[in-house]
Every structure is written in C-alpha cells, then in structure tokens.
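Chains here go by letter, A, B and C, matching the order in which they are written, and residues are numbered from 1 within each.
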Amino acid sequence: MKRPPLQRRTLALIAVLVPLLVLLAYVALRSGPLAPVAVTETRVESRAIRPALFGIGTVETRYTYRIGPTFPGRLARLDVHVGDHVVAGQVLGEMDPVDLDDRIRAQEAALRRADAALLEAQARQSYAAAQEARYAQLFAARSTSEEILATKRQELRIADAALAAAREERTRVGADRDALVSQRANLKLVAPGDGLVTLREADPGTTIVAGEAVVEVIDPASLWINVRFDQVSASGLAAGLPARIVLRSRSNESLEGRVLRIEPTADAVTEEMLAKVVFAGVPAPLPPLGELAEVTIDLSALPAAPVIPNAAVQRQGKQVGVWQIRNGRPEFVPVKLGRSGLDGDVQVIDGLVEGARIIVYSEKALGPRSRIRIVERIAGTSR
Amino acid sequence: MISLAGRDILHSWGKFVFTGFGLGLLIGVTLVMAGVYRGMVDDAKALLDNSGADLWVVQQDTLGPYAEPSSLNDDLYRTILALPGVAEAANVTYLTMQVRLDERDVRSMIVGIVPGPTRGAPGWPPYLVAGRQITRGHYEAVADVATGFQLGDRIGIRRNQYTVVGLTRRMVSSGGDPMVFIPLKDAQEAQFLKDNDAIWQSRRRTATNPAFDRAGVPGLLDAVLDSQSSNNFVNAVLVRLDAGAEPDAIGAAIRRWQRLTVYTRPQMEQILVGKLIATSAKQIGMFLVILAVVSAAIVAFIIYTLTMDKIREIAVLKLIGTRNRTIAAMILQQAIALGVIGFAVGKITATYAAPLFPKYVLLMPQDSVAGFLAVLAICALASLIAIRMALRVDPAAAIGG
Amino acid sequence: MSGNGIRIEGLRKRYGSGDTAVDALKGVDMQVAPGEVVGLIGPSGSGKSTLLKCLGAVIDPSAGRMTLGDELIYDEGWRVRDLRALRRDRIGFVFQAPYLIPFLDVTDNVALLPMLAGVPNEEARSRALELLSALDVQHRARAMPTELSGGEQQRVAIARGLVNRPPVILADEPTAPLDSERAMAVIRILNEMAQRYDTAIIVVTHDEKIIPTFKRIYHIRDGVTHEEAGAGRGVE
C-alpha cells in the first residue's frame, strides 16, 4: 500500500495518540500496585552505641514531716505559713490546753500536801524510835515489863511504814505533776528538723483528731524524683548511674542527677520499676513537689558492633529481620537484635555484616517480589 | 481494502480526539469511583495488616475494637500470653480524636502501642518513611504522613505534648483517618484524662461528696482521687501465634475460659469490610452502575451523531455496492477507537487525580483491565443503535428525489 | 462485455396496493447502445426518479424486463440475486451533487469501488489514476474532495462511475450545479468516455443548455416514455 496521502493529519494524530499511549503505558507500569516501591538505603555501620533508659516521675522529698498533735484537741495558735523556713526545735504552733494548767496547779497543791504528810510521818517515826530506845534501856534495867517494850517496838514499825508510805505518796504526786507538765509541752507543735513549710492544713480554732497533720514541712535538700521505668526497657538500671533530668516547666534545661536506689518492689499493675533519682545540687528555684520530670539515664557505651536504624527492622511472618538489597532486589534477612539506644540505633548480633546495604524506609510494605527504586528520601516527608 | 473507519478518524481526528477526551474524563471518574471502593477495602485491610495480629481479643460480645467500643483490663494479656500457641500478646488502644499542632488540628486515630527496646510487639507501624520507631516509653509519636506532621513537630494530644520521631504511610483507621502511634501508657491516660478543667471539676465534685471526705479517715479523699485519675483499661489485646498454631482453636479456648470475644483475621475482615463499609460500598456500587449507564448513553449518542453526519455518504456507499458488513464494521471500529482513546485518557486522568483525593484511592490493574473490557463492550453495544440506523438507510436516498 | 448496452421492455412500477396504489411506471421501453449518450427528460412527478432507481437496481420494478449487456436483470418479477454486487460492478453512478466520500482522497474515492469488489489496493489505485488522467484531474489525485472545484469534483465523480468499466452509467442531473461552460465540459467528457470505454450513458436532466447535445432523447410523462431524435449537435 502506498503511503497514505494524509501526511499532515496523520502526523497530527500520531502526535496526539503516541504520547497518550506512552503515558498510558507509563501510568500502568509506574503507578499503582505494579509500580516499583521507592525505598531509601543505608549501610550497616560498626559503631558504639550508648543505650539509655527513659522514665518519667514526679518530684518528691525524702523527708516529709507531717506535724500534728498526739491528742485530739483544738488548735490554739499556728505561727507559720506555707513557704516559711523553719529550724529544728522551732515551735510552730500550739494546741489549746483547755483545763491542763488547772490540773497542774491542783497537782502542785497535792504535792505540797504530800510534803506536809511526809513531815508528819517523819515526826511520828522519830518519836516512836525515841520511845522504843528508852523502853529498851528500862527493860534492860528490869524496870518495865516486856509487854510494854513489845508495844513500843510495834509502834516504831508502824511509824516506819507510815513514813515510807508518805514518801512514796509524795513521789507519786510529783510524777503526776510531771506528767501533766509533759503533756502541756506536747501541745506545742515543734519542727523536728530544718525545712520548708509546704502545707498548712488547719487554722486556729479547728478541732483536730489525733494523727491528723496540721503542717507539713519538707527538707528541700532531700528532694528526689520518684521515677517509673517500663519493665521491658529497664535493663541495665542500677544505683549510681548518672541521670539527666528535665523538669516539665523547664523543658529546655537539663539538670544533672544520679540514681540513688532502685526500689525493691515494682508496681505490679503498671508493670513499672521504681527508682529514686537525686539532683546533683539543689535546683533553684526549687521545683514544686509533684512536678513531672523526664529522666534519661545514660548507660555506659557498649563495644562497637554492627548497628542499624530501628526503622529498618521489619517483620515477615514470625521472623524479625531487615530487607537487604542484593542485585537491586530486596531480600529478607532474619536478624538477631541486641541492645538499642534511645536515638533509634539497634545492634545486630547476628544476620548482617558491616557494610551490607539495607533498606531503611519504604513507601509501602515490601514483599519478596517487590521491585524497588532507591531514592534519596521518600516523597512527602521533607518539610 | 482500505479501512474506512481509519480514514474517517484520520479525516476528522480533532472531533474524535476531543470527544475521546470528554469520554475519557467520564471513564476516569468511573475508574476513580472504583478506586474509592478499593481504597476503602484496602484501608480496612491496611488496618488489619498494620496491626500484625493473628487474633484480636476484645470485650465480651462486642465487635471491637474498630467497629465497636471495647474495654479490657490491661493485665489480661498476661493470662493470654500464658496459653500454649500464643507467641506474643500486646495491649493496644484506639481512640479517634483531634491532634493539635500549633493552631491546626488534625483528626487522627491515636493508637497506643507497647513500647520496647526493639520492634516486635503487635500493633507497631510495620514500616516507616522517615525518622525512627518509638524508643522512649513516653511522649514520642510516630505519625502517618497524611496528618501533615513533620519530624520534630511537637503535637498536642489531650494534656501532653509529643515529639514526632517517625513518619509512616498508609496507616489509617477504617474511616480513613491517619494514625498517630504513641506509647500505650500515654494513650491510656489520653483516653481517660480529658483536660485540666475536667480534672479539676471532677476532683471538686468528688471532694464535695461527704462519703469520701470523712473526718477521722485522713487520706481517703486522696486515695479516691488517685484511683479516679488512673486508667487500667485497653481496647484490645493483639495476639500473634506460634507458627503452626491453630487460630480457631486458641480463639475458642480464650472465648471459653477467659470469657472474652476473639476474632481471627478472616472474621475481622468480615466485620470491617462486611459491616463497617458495607453501606458505603453499596453506595459506590450504585454510582458505578449509574456512571456505566451514563457512559454507555454518551458513547451511544456520540456514535449516533457521528453516523448521522455521514448518512449521505453511507447512502452513496450503499448505492455503489458497499456491503452492510463493511459499513457496520466501520461504525463499530469507530466506536471502539473512541472507547480506546477514552479509556487511555481516563486511566491517565484517574492515576494522576487519585493522589489528590482526601481519602485513599486504589487503582487496581485488574479493575483497569475489567474497565477496559467494559468500555469496549459498552462501545460495541452503543454502536448497535448507530449500526441499525445505518443499515436502514435506503441507497435510493442518494439518487435525487 | 458491454454487448447490447442496456435495454428495458414494458417496465412497470406500482407503489402501494389496492385502492391507494399508484402506478409510477406504466410500461417503459428503452434501449441504449454501448458508446451512446442519451438524454432522459421529464417534469417532476413524471416517474423519472422511479425509472432511474429501477435502472440503478435500487428498487425492483413490478413487471417488465431489463437486460444489462447480455445479462438479464429483471424478468417479470424475477431478478438477479446480488443487486449490491451488480450496482458495484455493472452500473456507474454520477449524481447531481458529486457525493464524494469526504474522508477519502480523490484516488481512493475512485479506487474504492474496485477495492470493495476485492481488487488489490495497488491495482485499484492504478486503475483510478488511469481514469483520473483520462479525465485530466490526475494532478489532484492526492487532494481531498473538499479541496476541489465543482467541475473537478464532478470529473472525479465521473471517474468513479467509470472505474469498474460498467456497461451503463446513470447520470442524475450531472450538470445542475455548474455554469454552462462547465456543464458543456461535463457533457463532452461523458461523450468522450462513452466512446472510449464503450459505455451506454443515460443522462437524466432538465438542463436546457445541454438538451440539444443529445442525439437521442427519451421523454417521460405519466410513466410512459416517448423516444425522439435530439438535435444531436454534440459538443464542440
């Protein structure tokens, strides 16, 4: 057949249809499920990683003095307010003594009466002793009867006993008075140590049950953080490790500290380990109790080993591994993973050698038959 | 013999190509519509794939955790983990809510996952497109790129700020909302602690309740408040089985002895595809049918018009002895050529338009092939009217009078 | 092959039936010899179109005989089987308007007929080119019909009518849209072609300018023809 005579038109039609078909073929093969998957690659590097632990906790104090009366009563006065610094032994306030002072006066009167009774008993006893000695001499001279002497002796013993009773009675009354005085002193609320008043629960006039705290005093020097670590990621946690503390209100400031102790009991419900972390120095201003703090504990660096980013770790069926690039195709390699750092690096114990090319990010889930296209970064992730 | 259809198309290619483009846009809409349906099914499957679970353990007699709310105690997984055949069991929470970034907020599904030193627990995003997986037990997030978040962004979920450390893709809820993965404990708290004002009010309410504020029982109120602001519930336990374990048997054991409801992968798919998106699917199916009918009508109309324009030539052709077969073939070929151009344009348009849709549009090759065959069939059917008309043309009409 | 040209005897055509039946042709006799050009003249409604359609084997006559060359086409109700092939191979048509196929170029418009008959493309085209040369339009062989002048179009149409060397050509008002000079040129060509290809040509017309050129004229009126001698001046 001769060339069709419609050259110009044919060319125009071809100019429209050919790009259309090329585009169609491109679209059919390069998009949708048949398209190669964009991936980024990296090489396995040998590097030392510093594992770290991350936990959150609240600021608490080691010593919290909750001061209150031992007897129920009414609060008479309270001289301190929240934020006041107090020293050991300082009187913070006092309970209303009610009739205690009167009872002490009565006891003092009773004491004086006991003293008088004692003097009387002493007088009777010394007279009885003199009588007994005189009748003993008379009996020796046979100038009195034995019966009279026996009577005098008996009188002396009675006087002795009366004296002892009077002495003990005085001791009793004295002790009674001392007890009331002690009780009187106990009505004073005294700071057991230096500290800061954090709580004033009641005001004068309030009736308080025994055991209820009126003021709470803390020791600012003993601030610590009660940190909770997830049990699954708490391996290596030990006392003495250095810690970095970020308080929630000062999130761009990292404070130094260290792990004081690991609590011997863990929280069974939340599956967390508890630890106490102390500040290296008392932070100023003082963080409020109960403030949330993030604590990062750096463990000692591990020896260098092949390391991969945790984003590369994938799961195929029951196996954990990575996609290795071999001859431009992805191949799933099961790996055994070791420790990991908080920045996302994971040690590979087995399965990969240093320098192997592995896939880090992929546009979609990979399969053994996926075609891949290596790119610098996955589209849509740059700012 | 020369191709009459080909020559006619060459002669009036502009008309053909432009008509083809118009038809193509219609076909493109049809393909996108099919893609929307596929996208919905794929969203549902992606949700299941991404959770990486063999069994879903949920509250008894619920269709949870995706189709219905479900609530379980967070220590139940230990019991399940002890069952023979269970390789892994992990708590997970799902909560759809707004996530704030500066002034903007994005509707997302918050997924609480069990953090760990390496990957492993079911529920983790299976792959990332940037950044890293969560390593800290608190205040880190991995977000789907569809949220628009970038690495390093500080996003607000309820009362806490989270740092975006990783980005993933195609992690969506069955409703198409992008997922944001955060550590489980934070997610539990987020489900429960709504906002500061609510907490204050709840505390005040409790404090005014005389039952809790009793003289003589110091500390009772604090204990009550504490218990109110903690949440030991999760939405589901994702279970991964040992190789070779029988999902139905283990599911039956959990159902019987733990008094919980268990779904296997096919059952879950049935719930998501069969129940959650069933009406939407029917809706789209209706649209597909309507679009197919409209397309057919339009193709028929176009071919009819093109044939009407040539009625005189057809009469001449018949008069000078052209066989009916030849004329019918000419019209049929033209209809099919129109269909092919339309399909090509439609497929290209659909492919480039698909990413612009807010929800996922999945164009499957088999849908395209089926669509192509349907277009050809529709074109062939539509040309029947024109062919019938052409065959009824009286060759005598060409002779004056 | 042309043998006897075309001959019809007692051709009748009745439309409809019963009371409403109309007799368009009431026994027409006509004979045109190969190489002869005759005129067919008649007013509107005279049965002229019906006769032309019967001659063109588009509609079947109700009665009568028709012989084309030495082949019997109709005989009192009987007719040959394949009228379509007959039209394609044995009858040439030239219309009032050229009715060229707009999407085929000049060569293919002419070559289409032999191609439809199964002649290979190359041969059909060379036949077409030969005719186009004979009609002096070979220089427009690659043009599209819309690019031609009215006279050129008509010549191409004539070439199409001739391409299968039919024993008869039916020309329906071939000069109607043309001025007298071009009309004369067309008639001259028809005469030349009739001579050259030994074809019988029937020209249906009411163009006063060309009527005097025919040697023989059939008048048709009320379904009956009357033969008369034309002026026979021919074309200079």
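Quick note on the criterion: a contact is a pair of C-beta atoms (placed from the backbone, for glycine too) under 8 Å apart; a residue touches a chain by one contact, two chains touch by 3 or more.
Note that the coordinates shown come from a computational prediction; the quantities given were computed from them, not determined experimentally.
A.B. asks: What chain lies closest to the overall centre, CA atoms only?
C.D. replies: Central chain is B.
A.B. asks: Please tell me whether B-C or A-B has the greater number of C-beta pairs in contact.
C.D. replies: A-B
A.B. asks: If you average the CA coordinates per chain, which chain's centre is most distant from that of chain A?
C.D. replies: C
A.B. asks: Suppose each chain is reduced to the average of its Cα coordinates; what separation in Å results between chain A and chain C?
C.D. replies: Here the centre of chain C sits 115 Å away from the centre of chain A.
A.B. asks: Using CA atom averages as chain centres, what separation in Å is found between chain B and chain C?
C.D. replies: The mean C-alpha positions of chain B and chain C differ by 69 Å.
A.B. asks: Centroid of chain A to centroid of chain B, CA atoms only: how many Å?
C.D. replies: 47
A.B. asks: In chain B, what residues contact two or more other chains?
C.D. replies: Touching at least two other chains: 2, 7, 10-11.
A.B. asks: In chain C, what residues contact two or more other chains?
C.D. replies: Residue numbers touching two or more other chains: 121.
A.B. asks: Please set out, as single numbers or ranges, the residues of chain A touching at least two other chains.
C.D. replies: Within chain A, the residues that touch at least two other chains are 1, 6.
A.B. asks: Per the contact definition, I'd like the list of chain B residues that touch chain C in the complex.
C.D. replies: Those in contact with chain C are residues 1-2, 4, 7-8, 10-12, 312-313, 316-323, 326, 394-396, 398-401.
A.B. asks: Within the complex, which stretch of chain C touches chain B?
C.D. replies: 48-49, 52-53, 56, 58-59, 84-89, 93, 95-96, 99, 101-104, 108, 112-113, 115-118, 121, 144, 160, 172-173
A.B. asks: Tell me, which parts of chain B touch chain A in their complex?
C.D. replies: Those in contact with chain A are residues 2, 7, 9-11, 13, 17, 49, 52, 75, 87, 114-120, 126-133, 135-139, 145, 150-151, 165-167, 169-170, 185, 215-216, 218, 232, 240, 242-243, 341, 344-345, 347-348, 351-352, 362-365, 368.
A.B. asks: For chain A, which residues count as touching chain B in their complex?
C.D. replies: Contacts found on chain A: 1, 4, 6, 9-10, 12-13, 16-17, 20-21, 23-24, 27-28, 31-34, 54-56, 209, 211-213, 229-230, 232-233, 235, 269-270, 294, 309-311, 313-315, 317-318, 320, 337, 339-344, 346, 360-366, 377-378, 380-381, 383.
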